Structures are given as structure tokens and as C-alpha cells.
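Going by the order they are written in, the chains are A, B, C and D; count residues from 1 in each one.
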Amino acid sequence: MKQRIAILGASGYTGAELLRFLLLHPHISIKSLTADSQAGKSMREVYPHLDFAGLPDLIPLSQLNYDEIDVAFCCLPHGTTQQVIAAIPKHVKVIDLSADFRLADTKTYKEWYGHEHSAPELQKEAVYGLTELHRDKIRTARLVANPGCYPTSAQLPLMPLLKNKLIETDNIIIDAKSGMTGAGRGAKQAMLFTEVNEGVDAYSIGAHRHAPEIEQGLTLAHGKPVIVNFTPHHMPMNRGILSTIYVKIAAGKTVADLSDCLSKTYAGEPFVKIAAKGVSPSTQMVRGTNFCLIGLWNDRLPGRAIIVSVIDNLVKGASGQAIQNMNLMCGFLETTALQHTAVFP
Amino acid sequence: MKQRIAILGASGYTGAELLRFLLLHPHISIKSLTADSQAGKSMREVYPHLDFAGLPDLIPLSQLNYDEIDVAFCCLPHGTTQQVIAAIPKHVKVIDLSADFRLADTKTYKEWYGHEHSAPELQKEAVYGLTELHRDKIRTARLVANPGCYPTSAQLPLMPLLKNKLIETDNIIIDAKSGMTGAGRGAKQAMLFTEVNEGVDAYSIGAHRHAPEIEQGLTLAHGKPVIVNFTPHHMPMNRGILSTIYVKIAAGKTVADLSDCLSKTYAGEPFVKIAAKGVSPSTQMVRGTNFCLIGLWNDRLPGRAIIVSVIDNLVKGASGQAIQNMNLMCGFLETTALQHTAVFP
Amino acid sequence: MKQRIAILGASGYTGAELLRFLLLHPHISIKSLTADSQAGKSMREVYPHLDFAGLPDLIPLSQLNYDEIDVAFCCLPHGTTQQVIAAIPKHVKVIDLSADFRLADTKTYKEWYGHEHSAPELQKEAVYGLTELHRDKIRTARLVANPGCYPTSAQLPLMPLLKNKLIETDNIIIDAKSGMTGAGRGAKQAMLFTEVNEGVDAYSIGAHRHAPEIEQGLTLAHGKPVIVNFTPHHMPMNRGILSTIYVKIAAGKTVADLSDCLSKTYAGEPFVKIAAKGVSPSTQMVRGTNFCLIGLWNDRLPGRAIIVSVIDNLVKGASGQAIQNMNLMCGFLETTALQHTAVFP
Amino acid sequence: MKQRIAILGASGYTGAELLRFLLLHPHISIKSLTADSQAGKSMREVYPHLDFAGLPDLIPLSQLNYDEIDVAFCCLPHGTTQQVIAAIPKHVKVIDLSADFRLADTKTYKEWYGHEHSAPELQKEAVYGLTELHRDKIRTARLVANPGCYPTSAQLPLMPLLKNKLIETDNIIIDAKSGMTGAGRGAKQAMLFTEVNEGVDAYSIGAHRHAPEIEQGLTLAHGKPVIVNFTPHHMPMNRGILSTIYVKIAAGKTVADLSDCLSKTYAGEPFVKIAAKGVSPSTQMVRGTNFCLIGLWNDRLPGRAIIVSVIDNLVKGASGQAIQNMNLMCGFLETTALQHTAVFP
């Protein structure tokens, strides 16, 4: 029997991107789509490219009947999601694409989000959904906190290297470049085509909320607290994150050791790949796909390495990884509906 | 048993786009990829985003063993294709993405391409592959001439209207806007990012080779010679064609009649759709898909209508329609491997 | 003595673009900048690229002291401008960049803007500011209605051709492509980078308010009512309008006659140029400049011609032409501060 | 009397950009333009946007009569420039935009460029043209080596900080993002619109020739050898470099000290500015201008700072700085013809 799916907050980009994949998924059916601000509208009105797909109209969250739902994807804004998920009956599997359950430590949550976490018990239950590195826990989870886009691109290369003591913890610098879908679909002057096109800038310098999420993963991998520099930049393009990561190699180790470690860690993984020598990962190589592609280089600075990691922020950085997690949680083949080749050019 | 596929000229954009879809096709296997200028290279070297897909290396055309091939997609340059296809054994089904077999009249071919057609007998055999309007012939064809990108976007709306005498034949004006993948992958100064970005221009004004291809289809539909204005433009984007078509409505008819005609013609078609009232078709709505989306409006000029037709030039305008035709020729479900939703944003 | 300038509505794109040129103008000083919604802010806060230019802070319109102003540029929204300009003392020269005084016939105004014109007397006084074709009237005007961007690109080629009876009035089709600055700086979802990038669409089909403005000019040139098709399109770029215009040549005339007419009309004009044979005008060729560049071609349809006209919508289509008009009204050399070469690439 | 100018290699982007500014310069006249591969063509054929500017046709370098030239801008490829400049008579002032004379140490030159420097005596004469920091020497120079684009963006913030011992020399990491005009106008597949658009990648990782140029400046400022990480990235836009620079603050110092140092160093400078608190420098803020805009932030990593520096690579990073240097060398006001405001949007 097919799993019946609800998407809460289906009118944003991650909602639409979930549908792009789920419409090709053989083992699910799209049962309900909610969007309070757009309730009553058809998907045609919100996303004309989804006209002809036979999708249900958008309903207010209050009208969602959880008795008919097996799996809920939650694409609601940060902060309001906690209450919504707290009210979901326990028979429903939940994959939350907001940041609400990503930080295991509710004190850290309060520090970065400015208010008490309203569902600390749920926070304890939530499993962090970085699939390749938490697969077993995800398989049996009821509530998965889907990772942030930047943290996915940074943790996949860094966690195995820290776990295996191949890099030092000081001076990890993550210079990240993101396409504009990361900023969401809300109407803001700064996100107008004319304000973004032909420009590059850094933002939230020294203060982006994905920093503690990255540090949580690196600390877990390393065993002791890790602090990082994380500096995100806007790029004039729709999709893709490229993280250029500058690290200090552990004494006696080489870039080849780092490369070997990642190759072994991700051998057999369907979605995480180490780039061939001489290939510089570009966001184009993963556009529209659930891949993470990683390359490594010697730095000119002695004893240091440069790591480049690319993902599509809407796929491996959000909706694709969410479906990958759903596949695990529901016992489906992990790659189901996610085996697209990159859309290039 | 799976159909064994060869792609001749696999290092260009249409070759890569064929692979994007074929890699998800359950009833075929990619047997051989040729590319004379890149022979000996792996796909990784030519298309890094296709690394990890398990594809064969590129070989020169001369090494292709047709005994192992059931279907050949021919993505070679215009002009040289005739000889190549003439040499393909008759057990191989051929879908030609070049312009070599599109013009049924070899005199017209000579007029526009500047030299005698070298395979006039094959030209007689070739079936024009505008799927929705030539489906029955395609089903039994051995050699299909896959339509040009612009002609696909123009003929799908215009042919039914002319056939049903709903529009006049004089003053059909087709103002077409195309993404830059239409210009191919060859290194030309005029196609550099810096020369194209932030600019729009018209090209081949009054003299583009897709004009006679469009006129051939319209003449066939109408029964008498039709001449059109066709003016293509470069757009600073990768994919998509939007054709804005200005027509004179037949006496006593209305835009509603035109709309009804197209709705009836394409009722039940999986890939050709009439836009809902109020939806202005954008190339984004079909990006990455095999769809053609058509909208119609009253003109301010009395008795005239405006038709907007959008496709992805690499999909319905090339590789997608080629696979749609292969599905028909091989007896597969016509939509196999083509049911993607648009990649938006 | 320098002319003292006020810009009313200085926080939008046309306001900023006026400043780009005026800051290099030797005969003026920027006295006051108003912006009700941003009042109290410095230009740095609204336009960081104008920091360091020594500009006054933004004030509410109500605080503007007209005693200190010689020339006012009015960049306010359509509809509200009439009242504002009616209240400006008569010693102030006014160049209005809104649409409020462009339509000489207040009935046509009401038809297209949905309400009575509130200053019909001022409308009679207003001079339409298409500089090259109304230069003498502009020189002595107190109130100039600066033309719309699309109407500028269409009228410059068409008015001389109609005046000289070189083209017919029926079936004039204007397919116009515009960069996104034409949509202004207001935060709208449809204008987000992610919604616009990699897409092309037509909008206001058969119903754009620039149609009557174009028709007013063509009717004036021709002597009898002219109706046109005008179909605007969004392009994924910041600046530039390219109008592809399809016309019927008058009996016995040729494209060479049309070309000669425009060459003669604009001989000696500093800003309107006829493209050399073989040059297809691109918006890049005029980016950032006050130029209009026009090319002409034979159509494949017998007896018809294709005209391509490009401008920068923010310059010749708005702020540049406004300064050109100011130069005339103030007795300065017409080209003062406007002699920039295109910013290419 | 006007200085008579020659541009050697006028058909590339830096040549065209020189003309954009020089055409507005009151004290010079454009005497000769050379371009061996395009010799005999008019500028219209090479750069249609420069039609109507009254420029001389392109001639081969061999036909250049230096008797008629006072100042030569040399925009020729790296490597071939040395011989050309060696043959220029000594009465001609030369500003070289290639890399040939930037590295004072000819051993370092050989190491990075793979061959012996052919004009070591001229190398000794050449003055490095980073205007703000070498103004006095430039004023009296005959041969100026105009800095590279990346080195300009990196040295302007870093040299004063190193000179004043406000930052440490270890772990200076320069993550630079550049628009595509930096790659020049040569036809290369990798630079096609379709290959670049919607993508970001790093290139020449650990091995870019601008690294030794940056290190030369930093070593000079600091007094002892400095090695840096320099990692350039391609951005899908035409113009602009944004360098995000990660540095370790000297013991006992703060970001405020760094900011004060740069504010004092560049107080009164017309083209180098420190961004106001809260303004994150974007490449848009300097597009088309000769400005360098610098911002500073605290890093999350204790004791470290983040510096963001933006320029237009074709202006302050090439042709603008070259004219700034010419102005100094010829005794003109340094800002002549360079006082443009940014072209935004």
C-alpha cells in the first residue's frame, strides 16, 4: 500500500521541490498540501509549472486530517514549526525541513533563535537527518530534523576527517557560495532580480545560524568542541552551494590521506562522490540532483588543504535529502525517485 | 530484452541531454557513444556531471559496431549526417537530430543548405518526427527526422489552426526567443558568457534555416503554400524557446474558436497542453521537461490573435522528442522516461 | 549660476539613474531628494553605491522648499503625480517621469488608468518629451511629460516612417523585450531573482498602458488614427529594451527607402543612430547610454520589413532622456553629462 | 596640447574599457589602435558599441608610428609583451596591463611563467602601478606595470595592515570571486555562456599566477616573506571581484584597530573607501567604477577578522587604474575621466 503524504507549507520552494521528486515516486501518493496564506488556491495558481500534475488544492493546516496521512513533510518557517509538529499524532512520520529541531542543545537553540524552545521533549526524540552519517538512527526515527543546506555541504567532507583526526580543529574556514533559492520565496526588495543579478556579496558575516549547526556536527565527530568560521555569500544564480573549506592537516598527514579517508567513508554511497583528480566540482555538476561532490587540493600554505564541496541546495540541501530520509524511514530503496542526472546546461 | 542504444556525436548538448533521460529508461541500455573529436576520452572528461553514471568511453564513429546496436540517435552536424546515416545497416532504427532529413523537398534543401542532398532516397524514407501530428507514421518508421527546436514550438499551435481554416495564411509572424543551448557547444567568441549575458538581439533575420521547415509543416496542414515571418532572438539564459506568434483570425471566427481547436486536438496528449486562462506561458514552466505549453489572446488589432508557445529547446525541441519517437518506434509506452516535472526555479 | 535640482521620489531606479548622470553635470547642483517612505534616511541606506557622493539625506515631500529649486524631476508613481505637480510653483521647471501627463487626451487617460485626470489644465500645458521629435516645444516648456521606455523605442523609428508615408498603418506589430529594471524596485514575488532568472514570458498581452502612448505618437505623425499590436516580454537581464517591429512597406517603396528616411531624419542627432549594414542591434550596444540604435531588414514576407530598435530603458527610456530634456529647457548643450560610451561587457 | 594615445591590443576587453573612459578624457586624443589579428578592421566590426565614436581603424603593431605617440597602453598577452615594450622608443610613456613586468624578481617570474624574462633591465625600470600605495614613484615613471585584478583587491586592504603590524602573516586566506570578463575575449568552450551560467567553481587552486604578485606586495609591506592562500572562483556575472580575506589579528589588537588603520591610510583617497558599518560591500556597488570598497568584521573564530574587498576587475583591476596612473604620469588631475558613479542596477 502506498504511503499517504502531506506537505505542510507546500507553496514555498522546498515544497515544490519535494513534489518534483515525489511525483515520480512509485510508492507514495500525495494526499494533502497545506499553505495557510494560499489556502483555497489550486497549485496552478501558486506554481503554474505543476498544473496538469493532478495535485490536490491547497488547504489551511487546520483542515488537515492526519488520519489520512502516513508521512508529513514540514516546510514551515523556523520558530512556528515546533508547535505544529507537537500537535501531529504519533502515527505520522515527520520530516521537518525547518531549523527547529536541528540543534540538539536547546540552550544553543535559544542563544541563536532568541526564544525558548517550546518542545524540548520532541527535540530529544528528533534525529538529525544527515543521511550518510546517521543512517541507522534515521531508519527507525519518527521525527527527523532535515539538515540545513550549508551544514550538509560542510559536514559531509569535514565530519569523517575530524573523526579520523586527519585535520586540526583550529582555523577551519568555510567560505560558502549559494544560489538565491536559499533565500526563499518571500517578496523582499533585496532579493529582486535587479538587486541580485550581476552582484556578489557576503552576508550574516560571523553570525549565520548555520554556524552552530555545523559546529554541532563537527563536535560530535571530533569528540571535543569545534568552532568554525562560516561565511556565506549570495551568488547570482538559482541553485547550488559551493563551500570552499580551508583546513590544517594533522601532523604527519597529507592531502592524499584526507582523500583516502573520504573515498573509504563514502565508498558505495549512491549520492556522495569524490571528484576525480583534476575535476574542480562545480554547482552545475549537481544541479537538480541529490549528489554531493567533493574535491581536495594542496594549499600553497604549508600543511594546509583546500576542500571544495558542492550540492544543489534545494535537493541534497533540502527536499532531496528529505525524501532520501523518508525512503529509509518507510523501508523503501534509499535511492527511489532520486536517481536524476544533473540538468546541464 | 533491452534495446541497445548508440549515440553518434555524444559530446554535444543534445547528446548529453539524451543521456539525462535514457539513464532513467528501464527498457534500453547505452551500448556505444561516439565523438570523433573526443574519441578515447571518458564521459567524465567531456561531461563531468556524467561521471559515476557507468557510461562507456567515447569512440570514433569508425569503431562503432552496428551489429550490437538496435537504435541510433544521430547528433552530428548538419550536412555530414547524410553520408553517415546512409551507411547505417537497415536493422538499426535511426532518429536523426540534425536538419539533414527534415526538408522533404531536396530542392528546398539545396536552396537553404547550399549543396545537393547526397541521400535523396533516404530522404524519401525519412518520417518527420513531430510526434503528436505524425504519430502513426513514426510508429512504423525506421528513419525519423527529429524536428528543429523552433519549428516544434511553432508548428504545434499553428498546424491544427491552419488545417481547420481558423486562421489566415498571410502575415503569420513568429517572433521567437531562445536560450543559448540552441547555439551548441562549439567555442565561438559571440557565444562567450561575457558577450551574451545582459544582452538580447535578433539574428539570421529573414534568413534562418528553420523558416522553410516551419513552412513545410504549415503548407502540409493548410494544403496550399504558406510563407511565414520567422525572427529568432538570443536570450541570456540556458534553455527554453518562447515563440510569440501573431496571426489573423479567419472571418467569422474568434480566439475562443482557436483555443477550442487546440484543446480538442491535444486533448489526452501527455506533453502538449493549453495554458489555463490568465496563465502566460513562461519557459520556466517547461524547463527540463518534454512539455509544450500554449496560450492564446485577443490582439488589440481587430481580427487578430496572439499565440504564445513555450518548450525546452533541448527536450521537446530535441532530445526529449527524440526519445518520445524512439518509444513509439520500439513499442514502449510513449511517456517512458519523460515524465519529469519542470525544474523550477 | 548652477540650476538647483530636486528629485521627487529619489529612492527608485529612475531616481538613482538620474543621479548617476547628474553627479557629472557641471551646471547643476543636487539640492533636495525626497522619498516619503524612506524619509530621514541617507542615500547610503537606500543606495549604498551612492555613499561618498556627498548627497543630501532623503526628506518627505512635504518638507521640500520650492523656493530653493529651479528644476524638479518627478519620479513618483503613476496616478499620484498629478496632484503633486499641480502644487509645484510655476517658477520651477518640471520633468515628469511618470505616465500622468503623457496622454494628451484625458478621455484616453481615463480609459486606460481607470479614473478622471485630476489636472486637465496642466495636461494641456505639458509637452511630450520625445526629444528628437519635439525639440522646439521642449525648449520652451515648463512641464515635460517624459516618454515611457517602450514608447521611446517604438516611436523613434516609426514616427518618421509614418510621417513620410513609407509604411502602412495596418498590422504594425511591436514585439518588445525588456530588462527587469522596467518593473521598478518594489518588492513583488514575481520579480524575485529566482522567479525571473532563466525565464522569458509575455505580459499585459493586448492590454499594456504603453499601447495608447505609442498610438498617440504614431497618429500624430500619420495624421489619422493608428492602432498597433504591442506585446511586451520580460527578459532575464537588468537593463535594455529591444523592440522588433514588423511593418508593411508602402506600395512602391523598399527597405532602402525606409533606411534612407531614418538616416536623414536622424542625421546629426547625437543619440539616435542607424546601425551599419550587417550589425544587428543588441541591448548591450547601448547599455548605460542615452543612445537609440535602429536596424532595418527585408522580411521573408513580400512587401514587409523588420525594424529592430534598442535603448537602455533606464537612460533613453527614462532618466537620460529626462536630462536631455532638462538640458534643452535650461539652455545647456543638449549632450551635457550624457556622452557615455556603452558599458560592455 | 593633448597627449596622443596608442592602445596596443585594442580588441580585447581591457582595450575597449580603456576607450570607454578615454573618450571622455579632455586632455588626450586617441591616435592609434593596434590589433594584429584584427588589423584592417574598423572598431565597429570588433566592438559595435564603439561605432559612432570616431575612432581610428585597427592597424598591425608593425605599422604603429611611435613618433606620433606620447602614451602607450599595452594590452597584449602575457609573455609576448616584453619584446614589444623593449622596442618602444624612450620618449613614449608606457602603461603595461599584462603581467610581464609585475614581478620585480625575474627568478620568481621564471618560476611562475616557465621561461626566462627577456627584458630584465626594463623590469628594473618598471614601477608597480598600485596607485594609492606607490603614487610618488608612478608620477615620475616611464614604464608602469599595472597590477593584476585580484592583487589589486587583496593588496589594498592587506598592505597597510601588514605594514602597521596589525595582522599576523600566517594563515592569510584570500577567497576571491570574479566575474567572467577576467577570462578575456578568446573563444574557449569552458567560457561559453551555457557552460558558465548558473554555475560556480574554483580554479587554479593553489597555483594561480596572481599569488606571487600578491605575496610580493605583502612582503614589501611587512618586511619579511609572506605566503598566502589565494583561491579564485568563477562567478556567473560579467564584472566584479569580491575578495573575502581571513586574517589573524595581531596580539592585543582588534578589528576596530584594523578599521582605523585603513580609514587613516585611505583618508582623502578618491577611489579607496571603507564601507560604513553594516554595509556589506557588493560588486554592484562599484560596477563600472574605479572604486575599491572595503569592509571589516569580527570572525567567530577568536582573534581573527574577516575583510571583504570589492572592485570592478576591468576598472580598478585593469583599465581604470591604468588611466589613473596615466593621469599621474602626465601631470593631470588624478581623477580625470574616472569619476563615474556605479552602474546600478
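Just so we're on the same page, contacts are C-beta pairs under 8 Å (C-beta built on N, C-alpha and C of every residue); 3 or more make two chains touch, one makes a residue touch a chain.
As the structure is a computational prediction, the values presented were derived from the model and not from experiment.
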Counting C-beta pairs in contact, which comes out ahead: A-C or A-D?
A-D
Quick one: which chain's Cα centre is the longest way from chain C's?
A
Using mean C-alpha positions as chain centres, tell me how far chain A is from chain D in Å, no decimals.
39
In whole angstrom, what separates the CA-based centres of chain C and chain D?
36
So what's the Cα centroid distance for chain A and chain C, whole Å?
45
Which positions in chain A touch two or more other chains at once?
13, 181, 194-195, 197-198, 236-239, 282, 284, 287, 345
If we count contacts the way the header does, which residues on chain B are in touch with chain C in the complex?
170-171, 173, 175, 177, 179, 194-195, 197-203, 205-207, 211, 227-231, 233, 235-240, 242, 244, 246, 280-284, 287, 297-302, 304, 306, 308, 345
For a test of understanding, state which residues of chain C touch chain A in their complex under the given definition.
13, 180-181, 183, 185-189, 191-198, 236-238
Would you mind writing out the residues of chain A in touch with chain B in their complex?
13, 16, 19-20, 23-24, 44, 47-53, 181, 198, 238-239, 273, 275-276, 279, 282, 284-288, 339-345
